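Structure incoming, see below.
Going in written order, the chains are labelled A, B, C and D, and every chain counts its residues from 1.
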Amino acid sequence: MLEVAGLKVFHGPIEAVHGIDLAVGQGTCVSLLGPNGAGKTSTLGAIVGSVRHEGAIRLDGRDLGRMAIEDRFREGIALCPEGRRIFNNLSVHDNLRMGAATRRDAKGVAADIDDWFARFPILGERRDQSAGTLSGGEQQMLAIARALLSRPRILLLDEPSLGLAPLIIRQVFELIAELRRDGMTILLVEQNASAAVEVSDRVYVMANGVIRRAGAAAEFGDGSGLMDELTGVHA
Amino acid sequence: MDYAVQQFLNALSFGAEYALIALGLAIVFSIMGLVNFAHGEVIAFGGYSLAVVGTILTGNPLILMGFVLLACVAVAVLLEKVAFRTVRDADITTGLLTAFGVSIILQNVFLLLGSPRPVAATQLIFLDRTLWLGPVQVSSLQIYETVATILAIAGLGLFLTRSNLGIAMRAAARDFEMVRLCGLRANRVVSGAFAISGLLAGLACIFIMARRGSAAPHMGFDPVLTAFVACVVGGFGSLPGAVLGGFLLGFLEVGMLVLLPQSYGGLARAAVFAMVALVLIWRPDGILSPASEKGDKI
Amino acid sequence: MTRLNASQRRGLIGALLLSLLILLIVGLYALWGESWQARVLYAAFVNLIVVIGLQTFMGNANFAVFSHAAFMGIAAYAAAICVTPVAMKAVSLPDAPWGLNAFEMSPLASALVALGITGTLGLLTGLFMSRLTGVGVTIVSIAILVIVHSIFLHRTDIFKGNQALFGIPRIFGLTHVTVLAIVAIFAARLFRESAVGLRLRAAADDEIGARAMGVDVHRARLVAWVVSTLFFAAAGIAYAFFLGTISARPFYFNFVFLTVAMLILGGLRSVSGAVFGTLLITIGLELVRWLETGPTLAGVKLPQMLGLSGLLLGVVIVAVMAFRPHGLMGNREIEDLVLPRKGTS
Amino acid sequence: MLSIRNVTKTFGGVAAVADMSFEVAASEIHGLIGPNGAGKTTMINLISGFLTPNSGRILLDDTEIHRMPPEQRARAGIARTFQNLRLFRNLSVRRNIEVAESNVGAGADRSLVEEAIDRFGLRGVMEQTPDSLSYGHMRRLEIIRALALRPRVLMLDEPAAGMNAEETEELFENLEWLRARHACAIILIDHDLKFVLQASDTITVMNMGSLLASGLPRDVTANKEVVRAYLGTGQN
């Protein structure tokens, strides 16, 4: 499905990612773990086309490497970015509409939006309020819903648990697990290793711009062993 | 009393004109951070195209008005493609100076192709008639202007809240990249913003031409200057701020004209600008500046 | 004053080189120039002082401001009104209020009064300007220009509006303005390399970073703003003292366009850029003015083309912004072209 | 010497820092750690003055500093670096350092900065602009620039970000040198836990804006709560 080969990412003069390979199979959930500054967000940025990069990025064999951001999105890559980046001057409903802006089937969009409102009634209750007034967890759900409204072929999730309370984090991961069951292809970037491992089929561990380890999720157990790997701290 | 009503209408129509122009500036600024000094020349271009088409093709005012709107939209979109696209990601000073340069170029092109003297185009003068509303003498133009502006603002409001492109424009004012990450084409959003600013300039142009009856190279410069000040007072980049600032300036200006002795009439604008400066001491970022909570992003 | 640091010493060398360039031009004129060119040269040097003054604020603080013509006008009028003899003012300013036509001062005192008034207005506006952000600075500077201009036009009893205020003693010649231009070059270079200039440039690059390093950004901007108004004042005084007659018209947008284009062409950030930009545009405009009047070229009478010079200025600004946003010189000063820096690899 | 007392900072109703208190002693290296979004950088911004607390106090010795603007705090001896570099890109390396230097009195120890320039390997690039430097050099320049303020408290926000193991080791040695050479407290934030735990005398752990634990490095790593905060909620 999604294949990345020899990917290097640059921030100005700095090479943040030093030629990595990774692959996400159709209908699987793959997580990319690692400490802050490992290059995970840069990798996602390269896949969606928002940062300068070299190397191949293929979606079902089609190279996206030279496409503009908006064209990659139209190919079916949707990003739910770090920090959520909700349009906080727009209403909840308009945020969702932005997610579906490339779709032509108005009825389908309306139905999908209603589905989300049914799933998260709090969003429905606040449909006409500005999204900036939502709590962090609600904004996270909105951001995920916005990304999914385009009916993408692959969903990229960047630190969906960031800054959320434990209870809400559990909800977010339940949603991810549910999406995976429904057959969505997901690439998940997380710092919350154990939760991520639990919902994933495959795991990549990244540090300092390179992939340190890759394998089936089962090899990582409950993820707690990763603490050692990531930080050098013996838990 | 009659006098008061008259002056109130006066202020309303002044304010309407400033608000139209200020909105055109604000929508472009909010999306791409460009301080569009060339906006006045878009208006002047509308004026000249009225003069030219009105002389050669037709005298039908409706067709002419449509043509003015079209001309302003076209030139605004064209300017973006030709001049502003190269500096889209540049810092604010670079964009500002580019627009400043474009403004000078256009003024001088008008000067070269037309003449330093105004070119007559009286086809729309008929809009400006004297009406009696009971005992109050008003200009029909003032009424058209106020009504048209209110309709335009309402229309713009609908567009920005109902259409995908409109919502995208509001979203782009916050986070342009995220809008692209929702699959909307950057060029389309920016062109759309310029088209709207051109449309608003065209509307302003129709009223300015109806009042002046002639086009001149500098005809757009002064109103745009005032509109800039309106934008700054309202909070640069805020659309409601632009409307508020525009009407505020209209009322201040008429208020000054009324209050200042006749012999000081020439100073009305100076006094308005000075008062506006005082507003900025109180709120350096304007009255309705978009909330800027920088949070953790240092 | 402590000892000069390395950058300041290089600044002096640079200022010296620029001064030699100015002297070279004056020398060429003295040897082969025609007398009408003295006026062109004089105007060029007055513009040079303005552009250098513009550089001290605009270049170091990286804000676009357009109010310089207003400050120049204020100083020109102040100096003119002070220095014009009472007998002449009875004719040229018969209706002046507050006894403005009942006194006269020496040229030096007049110049000092003009500098004082302009500097004070600079300080008052600066207290306010230094707190505004981004676009606000530009727009308010334009508001200052418009306000001052309307006052010039309106108070015809003091300023004569668009009519000429005449009878100002013609005190200055080319020598004076040459000296003044050289002083301006040195002053601007020393300011650029001074602690305030350095802090200002740091804040222009990264305001938050500068504040974290202890830079009081408002204060640095205020100082630069006042200093730059003093340059404009000097230019205004020189203008009035040379021409012997002034009116409000030149102190408005066209002059602003001209000087801003000069600064942009050379490069905002560098004093050398300001000098080169001024000289290049002056030469270019002389050529274009000649075309504008519809000259006869190889027997063909060219049509008169009004607006060509303005068009050229606009094209220069847009082209520089699109292709070389930091102007010809960018960050460099003249000495960087002549003497490579130690330790640069 | 530096005390943070019951400091709270909220953004749009959400507390980024909630009732945080800790003390930093003179000439100690104080590690501030916590998972992403824990409020560490907000804390640094509160101490350096780019944010003002909603409530609580910050004291340097016995002077309240939490209402001062950043530039005044910098002159009072609070220096910092930034996660995203904030170098002056149009000024030479020398001039970058001089900006900070111009804000300290004449009596300051001149040789400190000169020694640091040599030690950090920037001597050969003094006339270049930051853009032409390697990333490691840029990071070191930021530290030297902050050092030029002759700080009493030096806050380093992710100084090891983007560095390889060798460079991190070198940074560690440089911090040791710095502590011996110039008596100042250092607050260290970094995601490289190994580095922070190795370098610090005391550790404060934040999670969700609040104090989670504090103490000696080995005590903190033994704390179950800390481990759980880093690994998420899957533990229970």
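Please note the rule applied: a residue touches a chain if its C-beta (ideal position, glycine included) is under 8 Å from a C-beta of that chain, and two chains touch if they have at least 3 such contacts.
Protein names from UniProt, one per chain: A, D = Branched-chain amino acid ABC transporter, ATP-binding protein; B, C = Branched-chain amino acid ABC transporter, permease protein.
Just so it is clear, the structure is predicted and the values come from calculations on it, not from any experiment.
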| item | value |
| --- | --- |
| Chains most often in contact, by C-beta pairs | B-C |
| Chain whose mean Cα position lies farthest from subunit D | B |
| Averaged-CA centre spacing for the pair subunit C and subunit B, given as whole angstrom | 31 |
| Distance from subunit C to subunit A - Cα centre to Cα centre, in angstrom | 55 |
| Cα-centroid distance, subunit A relative to subunit B, in whole angstrom | 42 |
| Overlap residues in subunit C, where contacts from two or more other chains coincide | 208 |
| Shared interface positions of subunit B, touching two or more other chains | 298 |
| Sites on subunit C touched by subunit B in the complex | 62-64, 128, 131-136, 138-140, 142-143, 146-147, 150-151, 153-154, 208, 253, 257, 260-261, 264, 305-311, 313-318, 321-322, 325 |
| Residues of subunit B defined as touching subunit C within the complex | 29, 35, 83, 86-87, 90-94, 96-98, 100-112, 115-116, 217, 221, 225, 228-229, 231-232, 236, 264, 266-267, 269-270, 273-274, 276-277, 280-281, 284-286, 298 |
| Interfacial residue positions of subunit A with respect to subunit D in the complex | 13-14, 16, 35-37, 132, 135-136, 159, 161-163, 165-166, 169-170, 191-198, 208, 222-224, 226-227, 230-235 |
| Sites on subunit D touched by subunit C in the complex | 48-50, 69-71, 74-75, 79-80, 82, 86-92, 94-96, 98-100, 102-104, 106, 123-129, 145-146, 148-149 |
| Touching residues on subunit B, where the partner in the complex is subunit A | 161, 164, 167-168, 170-171, 173-175, 177-186, 290 |
